[in-house]
Every structure is written in C-alpha cells, then in structure tokens.
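Heads up: the structure comes next, in structure tokens.
Should a chain be cited, it is by its letter among A, B, C and D, assigned in written order, with residues numbered from 1 in that chain.
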Amino acid sequence: MSKVISMRDAVAANVHDGDVVAIEGFTHLICFAAGHEIIRQRKHDLTLARLTPDLIYDQMVAAGTARKLVFSWLGNPGVGGLHAIRRRVEEPEGGAPAGASDPRPLELEEYSHFGMVGRYTAGASNLPFFPLRSYFETDLPKANPLIRPIRSPYGEETVYAVPPLKPDVTIVHAQRADAAGNTQMWGLLGCQKEAAFAAERVIVVVEELVEESVIRADPNRTVIPGLIVDAVVLEPWGAHPSYVQGAYDRDNRFYRDWDAISRDESSTAAWLDEWVYGVNGRAEYVEKLGRERLADLRPSGRAPSGSVDYGVYE
Amino acid sequence: MSKVISMRDAVAANVHDGDVVAIEGFTHLICFAAGHEIIRQRKHDLTLARLTPDLIYDQMVAAGTARKLVFSWLGNPGVGGLHAIRRRVEEPEGGAPAGASDPRPLELEEYSHFGMVGRYTAGASNLPFFPLRSYFETDLPKANPLIRPIRSPYGEETVYAVPPLKPDVTIVHAQRADAAGNTQMWGLLGCQKEAAFAAERVIVVVEELVEESVIRADPNRTVIPGLIVDAVVLEPWGAHPSYVQGAYDRDNRFYRDWDAISRDESSTAAWLDEWVYGVNGRAEYVEKLGRERLADLRPSGRAPSGSVDYGVYE
Amino acid sequence: MSAPSDAAAFSKSEMMIVAAARELAGQRVCFVGVGLPNIAVNLARLTVAPELELVYESGAFGAKPARLPLSIGDPTIVTGATAAVSMFELFSFYLQGGLVDVGFLGAAQIDRFGNINSTVIGDYEHPKTRLPGSGGACEIAINARRVFVIMRQSKRSFVDRIDFRTSPGNLGGAEAAARIRREEGWLGRGPSVVVTDLGIYHFDESGEMRLDSIHPGVTLEQVRETIGWEPRVADPLATTPAPTAKELRLIREELDPEAAYTK
Amino acid sequence: MSAPSDAAAFSKSEMMIVAAARELAGQRVCFVGVGLPNIAVNLARLTVAPELELVYESGAFGAKPARLPLSIGDPTIVTGATAAVSMFELFSFYLQGGLVDVGFLGAAQIDRFGNINSTVIGDYEHPKTRLPGSGGACEIAINARRVFVIMRQSKRSFVDRIDFRTSPGNLGGAEAAARIRREEGWLGRGPSVVVTDLGIYHFDESGEMRLDSIHPGVTLEQVRETIGWEPRVADPLATTPAPTAKELRLIREELDPEAAYTK
C-alpha cells in the first residue's frame, strides 16, 4: 500500500500543535523542506528536538513555531551562532518577531551529543533510561536535572543516565525509499534510525522514489523499514541548504548568508516572507534558487560504491 | 601496513591458553577454520563465548579446548542437540574424550540472545552494565547471578542488567577486507561488530582480500575498521559448514551428519582425527571435501546489490 | 510419525500447522523461529494473513525466500529481503521497541498458565536433559504483544510444574500476571494461544489454558491422557475445521515438499 | 586579524596551527572537529604524524578528503573514507570504547586547570551570551585518552573562574582529578596541552597550566596581559621554533588556500 503523499498532506496529518518534533540528520540530510512546510502551516507550541538545531530550527524558532528546544549543540556549524534562537534566550521579551504566535521565552533542555543519541536509543528500545560515561564533574546535570547518576549493579561504579526521548513525529530525509517507506541512505547516518524507531509517527522525505526491487536488492542498505513509516514524500532538493551525499553539496554560501540575515529581526522576517511564506512548496523554492546555483552544488563526478553479490538461493 | 598472516600464525599469536574467545556470527559467517586451527594448536582452558555455540564449539569442546561456555542457545539449529557439549554437562565425568587435556565438567554461563548482545555492547562501549527488558519472572537470574535487577533513576521502574563481556580475542569471518583489516560484510550481521569492538584482539578471516580502494568505495559497508584488527587471514571456504552470503550456502548435510557423528565419543574423536588433526589447514580440508560437494553449495545465480553514488566533492 | 486422524486426508502435524496458521488472521508483524512456526507463518501469509510481515530472529525483515528456509539463518531469507539488521537492532528496536505483534514459540514444557521451559529437564545444576535454553524466547515472551505457542502435547511436555521457567506466561494466574506486567512495564500481554497436534487452547479469564477446539478425529480422552493436569474444556467444545484442500496443497507442494516437518 | 610576529613570514594563527600540529607527533587516533583543529590535524598528517587516523565527530573514519572540509559534515570526508558510521557507534564504540588517543577541543573559556566552558557566559538561566554548548566536548574530555586544546588567549577566555563547566579538565588540581578519574573509571587522563596564538602550555604535576614555550616575537608581558591569573612559566622557557617554509606552504597552498581560518 503506497504511503506516498504530498509534503503538505504529510505535515498536516502528522505534525500537530504541541508535538515533540525531531527533524534529524547530523549535518547531512536535514529536511529543510519539512521545516518550511511546518512554518507555512503555522504549527505552534512545538518542542523541537535535534542534536544540532542548525539553521532549520533557527528558522522555525524565528517563525514562532516552537516553545522549547531539546538539543546538544546550538550553532551555525563553521560560521557562528544561531541568532534567532539566541535572541529568544538572551533577550526573551524582544526575541520573538512581531506577530509570532509564541512570544514566550524559549525553553531549553540541554544534553551532550552522546546524551541525545542515548535518549533516542532509549526511546527506540523502550528502555526507561540509557547509561553513558559522560557528565562526570560537569555543570550539565545541574543545568538539566534529567541527567541523573546511576549506580552499576556490578561494583561501586556510577555512570550517568539520560531519559528516553520519544518524539511524536520524526522527519528524516534520505536518498531513496519505496512507496511503502522502506528507506535507504548512505553517507553520514547520524541518529536518524534511532530517532525514527523512537517516534510515534515517521515522515520520510526522499530525493528519489524507487521500486521495491531496488530496496530488496540491497537489504543491508535499508536504514528505516516501511513498518514504522507513516508517510513518504518525494521532494528533490528537500534538504537544501543541507546536502545529500551523492546528489548535492552543502550550500555553504547560504549558511554564511544566514548569519547576516538572522542577526536582525526584520531581515529574518523578510527572508521568511520571501523564501517560506512566499512560495507554495519546495518546487517553487527550488525554482527560485535558480538553475545556476543548483548546478554549482552538484558533485563534480560520480563515486560509485560498486555492487556486491547476495547470491540466489533457491 | 599489512596485517595479513596465515591462520596458523594468527591463532598462535592471538589465542592463548585460558583466554576468553568469541568466534561470532549468528548462523552466518561462523569461522570453523579458526576453530579447527585452535584445536590443532591444542589450546586449552578457553572460555568460549557465542550466542549459539553451534557445531564449532561442540567440536572445540569435544577436542578438550574449553573449560567454560558463555552462551544463549545451545543447539544444532534445525537438527537437535549438541551432543559433545551435552555429555560434558549431563555426565561430566564421562563426557570428555580419552586423552583430552581438560576432562573437568564444563562450566556454563547462560544468558538469552539479547542478554549476550547487551554484554558485547557494554564491552564495546566500556559500560559497566547494559540494561534490557528481559528476565522478568524467569529462573534465569537465579541460574546466573550475574543477571541483576537495576532500578531506573526515572520513576519506580526496574529492568535487568547484564555485565560487559570483553573477549581476549574475537574472531570473525567476512566476505572481504583489505590488508589493514578494514572489513566489509553483508547478509545477516549478528553481533560481530559489537564482539569485535569489545575484544582486546581481533582476527578477521576473509573469503577475499581486496584493495583498500574497494573498501573506500563504500564506507557505509564497513562493519569493522582496521583500527581494531590485529590479524587478517585469507581463507576461502573458511566458514564451511556455515555459509557466506553470496559465496556459498550452509552445508545442511553436514549439520545433520554431525548429529550422528557426535552422539558417540569415539566417532567424534575419529572425525576430529580425520578432518581437523588429519589436515594441515583449511586448504587441505577444502580439497578433502571435494569439488562436487563445494559446487553444490554455490548459489544458483547472482543477486547484485546494485551500486549507489557517493559523489566526488573536490 | 503421528497417526493421522483420517489417514487418507492429513496428518496430525498438518492439522497443527493449519490451525496455527489460521490463528494468525488479522496479525501484522510476527517474530519467527524456524521449523513448525516458519511453515505455519508462511501458510498464513498465503491464506488468512496476506499482509503478515515476518521478523526473523536472525535479523532478516520482509523476507521473500525463494525456497522454504531450512533454518532461521538460511541465506535465502536475506536475498530479496527489505532489510537485514544486526542483532542489536533486532532485539532493541524491533522486539523491545514493541513492533512485534506475535512471538511464536515452541517449548519442551508448558504449564497450565502458559509458562514455558526450554532450558533443562531436572535440576539446573545437574540436569537430566540439557535443552538449548532461551535463545530469544525469554525476551520474546516479555516484549512481543502476544505469544503463540506451537508444540505437540504429551505427559512430559504438558506438566503440572515446569522444571525451569525460561519464558514467563501468565505466572500463577491472570490477575497477578497482569499486575506484574503493568508494574514492570512489559509490552507483552502474554500467551494468547497454544496449538498442539490435538487441539487449540486459549486462556480464560483466570489465565489458565482452556481447550476451545479439538482437532477432527481426536477424542477428549486422548487430550486428557497427554496432559499433566485436569484440563479446562470449553462448553460447547468446537471441532477444528479440517485442513482444506488448498491448505494441504500449499504445505505439501510449496512449504514442505520433503515433509521435513509435517510427517 | 592578529598581528603576525614577523609580518613577512607568518601570522599568529599560522604559528598556532603549526605548534598544535607538532604536538600530535606520535599520536595515532584523533577525534576532530572542524576549523583550526581540522587544519592542525591535517598538517600533522602531512608532516610529523603521517600515521594519524582521524575520527570525525560526524561519523567518518579514515577520511581522504579531496578538498579541505568546510565543516565536520562535509560530504568530501565521506567519499573515499574507510568507514561511515552512526553517531551511536561513533560515541559508544570509538570514543567511549577508548579508541581515541587525542580529543581536540576549542573553548570559549578555560581555567588554569584546563576546565572548559563552551556553554554560556554569565548565569545559565539568564545568560549574557548563549554559546553552542557541549556537542561532544563533554564526553570527549572524559573518554579521549588525552585532550588537546587550541584557542586564542585573552582576558575573557583565560579566566580565573569559568562560568560553566562543560568539559572537565584537572578539576581543582591534579591529585583530586586523578583520584576521581580512577574511581569513576574514566578512560581519559585529561588535558595534555593548550596551544594558543602566544605559546604552548602543558600541565605540571599540580595539574596547572604551565607556559613551556613562547612563540617567536611574543613577550611574556603579552602573555600575562591576556590571562586571568598569574601564569606559571617554565624555567628555562623555550621559544617555539618558527613555522618552516614547508609547513607554511602546506597551510597556504593546500589546507587553507582561502585563509578562512589562518588570517
């Protein structure tokens, strides 16, 4: 049974006001297309979970969709800070754009990278906690009392625990999936698998929709089984300005541009007006980016994985 | 720097009397070649860890290499029991073959599959325990006091913990590796990765030695990095009578034959004399099996995974 | 070799497989080991449960085997599957994560409350018979949403008191079991059906096995002779519909042509 | 923009990178973020540490980038790498498992014992400046066998008391830190070197930073003016050998041709 629907329908059906939303992908495969659609549908009171909020959550916070962030590294990688989020934290009263639906101070729940990975893993595994060797002698457990010590039942050792994170909806971008949602990705895998298995609902957004036979030819490449997928959206360039291994490069120019755009509330609002509210979806956004800019982001050549043989056993 | 050496040298250098040894591989990629070399080198007092001891450990126990098993399912899959091991458990005095170096009763340390996976995972992660939802209201924690309850630091919930398992040496079989030990496998992956990362030393045995460029063409296919590998052994058919996805099938006839052979101490000893002590290595064993039998085990056709594109970014 | 109830028509094993397959109607995701459960599950997919998805204990998901797999590690379940995953992922995310609707178990011993022994006969330290042990059966019984048991019945297997509890069933009764499962946060609701070569048992409100259906040609006396306690019997007691020609053809021609499991 | 000590020859940033790279001699596995550490590490591979293996925080191992990666998530570090792994595997098996010899950290604030703040300036609840936070820095400081710090020094960054402890260094001193690390089973032995734009610090037996080498052209007065405590100074104090022509050529022509990090 096909789960392929439009981004608009996928977000309308699966993202609700007040939800815990995880758009995952560590530097790679960040689904900006879904984030923008969530903004367009004026969802609000969301708790946004991601290791690295990145530009996607800076934009979603600027647009007033979020009441809370759950995260581990709050920056514009290689460039600097996330200004819209910082405004909501450092000067909460003045931090929300006029007319935003949620002008309250942004709540922060902070972990380390491994803590966030452990949280998704516990969520995916239905464990009440995940243990890790981190946080010793730091101020993080004081800043976040959900980071708690746990004593080993073998000897005197104490490690730290983080609680499970179970998003209402996890959204992942991938190179390809079939209509049933069996999803394959390659390159940096982040913690999309854990975040997807931890979630109540899963939206998969892909560069390419493929026949089931393509997936079945390489079962070890499958990262997310259709079993846990609720919607499949075909959205080429859906990760821009993030990237898709083998398909297009990170648009570093935009990451730098955002630093200037986002320093000012009105230029941030103007950008949202033009590039999010002002387009009816990703296809229009892509058209607006222009052929030349897109062409510059294509890899300069192919780097084929090569094929392995699973063998026919009949 | 090449780590490629002979099976004889790999076992001599990395497997010592008294070691905890894990030859892993869940039904797939079980390295019988290494087990047989350990028998030939008359290693003893080994603690043998595996989810499913399978025929490989039945043979190693029959040959007197082991003092203890750490396991979760003790059977001949699809056939029945493991008779050599059962003799050492059910009638310990009579269970060891005459002349075996270790006629003491075999010690058993028993978990469930998930418990064993958790133990390797804790070992690989340097965690003092791994939590899981198993063992509730069963007799397993009574039979094995290393299975212990642990209370969640969030609420009243209690789950069970297993302790880390850190083998002195883990031996895995794979389709291919490069000379530095970067190892790729496909098909059922079992818990080889966790068992390898948990071990002090790692021997990788492969069907095919490939150029580094083959590995680098598909970095997501790499299961074990050369970083943790001590020796690479090229040993085609090294998993027989187990199988290698895409290369050869499980020799079900041998799994059935072993049921009869192993029911009797003298026929077991005769088999070891002929097929283990009586050959100087896997090449001779393969030759002895005969071309026809091997040909029957080849897949009937190719099932290519297809190639994906990582892209050139320069 | 069992005596078929109607020698010309079907064997006891065939009836057991058919009855187990029919119980899978409406189920979605089944965690499966090899042998009888494997045949039953594949029969169900070809008949009452075409949407059934199989999670093999070895890590294959969405298998499309080109032949009847001879073990759960048969390479034919990987080629053409939708996913092949590590044991960590399988047990953590699929099973413990709550994605498995039905866990299918065999057993050496079972008691009236569906508690299962697959570890030892006799004392644990000095066993009369050392059985394989849990494998995944312990966590399957706890985490699969419900548990199906398929096993031949005899005085040695259907016992008043099992020698070792490998997989928890309804413990000492339904009420205590439900409370413990709730308090300890188990996802599984415990045993749901036991299909044997003689009949089909479900569990009544007290958590005890109840014979709901008896296979054609089997007498209640035969049932009582092969069970270590006085079994509860539904009133009225149904008679299991005999295997259909289609079911038998599928078993004999496609699923087990060499009659490895159905003799 | 820093004033190069010998305007014609090299910038302070170039000196800092060269000094950090040389400290990597003899190290094997380095966990690395992007920017200055990335350039230093790649320079080390081309000079003093050809065997150095890089573990990128994003999950790439054995990378052979065709260009200088602009972020730790640059696709060029994946194409041609020996492995691309999940964050779970990276943090569990590589880092926490003890395979990382050197963790390379930057920071907003550091104290004399090498404790690091990358979370907030000011109060946590009402920060003056909200910094990125830990990322992996917390677990890197605990699990990497040793920690290298690379940062420019100033009164705001080299402080008597950090506002938030994101990554533990030698805590309140070497003795207590060693005891705690032992008792709590940390694999890491803590901070090993701090390389700045002015000099190179190691840690003395009391666990406090000691200026062991001063970069050419830098005065002790400049060092004291940019540090929030009275720094310990080795006697004799070495002068860091200036960057060689080869080191400078590699930085300028291969590693950072657009001078993104070395201005």
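Of note:
As a working rule, contacts are C-beta pairs under 8 Å (C-beta built on N, C-alpha and C of every residue); 3 or more make two chains touch, one makes a residue touch a chain.
Source: prediction; values computed, not measured.
Traced through touching neighbours, the fewest hops from chain A to chain B number 1. The set of chains in contact with chain A as well as chain D comprises B.
In terms of their C-alpha centroids, the spacing between chain C and chain D amounts to 58 Å.
Distance between chain A and chain C, defined via averaged C-alpha coordinates, is recorded as 41 Å. Chain centres here are Cα averages; for chain B and chain C they lie 29 Å apart. With touch defined as above, residues shared between interfaces to two or more other chains in chain C number as follows: 60, 74-75, 78-80, 84-85, 92, 96, 143, 185, 187.
Shared interface positions of chain A, i.e. residues touching 2 or more other chains, are given as 121, 126-128, 132-133, 157, 186-187, 189, 193-194, 217, 220, 245-246, 249, 299, 303, 310-314.
Every pair of chains meeting the contact definition is listed here: A-B, A-C, A-D, B-C, B-D. Residue ranges on chain B touching chain D, taken from their complex, read 121, 124-128, 182, 193-194, 197, 212, 215-217, 219-220, 222, 225-228, 310-314. Across the complex, chain D is touched by residues 26-28, 51-52, 71-75, 77-78, 81, 85-86, 89-90, 110-114, 117, 121, 132-140, 142-143, 156-158, 186-191, 193-194, 243, 245-246, 249-250, 252, 299, 303 of chain A. Those residues of chain B whose C-beta lies close enough to touch chain A in the complex are 126-133, 146, 148-150, 152-155, 157, 159, 161, 163, 175, 184, 186-187, 189, 214, 217-218, 220-221, 245-247, 249, 299-314.
Across the complex, chain C meets chain B through its residues 34-35, 57-60, 70-75, 78-80, 84-88, 91-92, 95-96, 119, 124, 127-139, 142-143, 164-168, 171, 180, 183-187. On chain C, the positions that touch chain A within their shared complex are 29, 53, 60-62, 64, 66-67, 74-76, 78-85, 89, 92-93, 96-99, 143, 185, 187.
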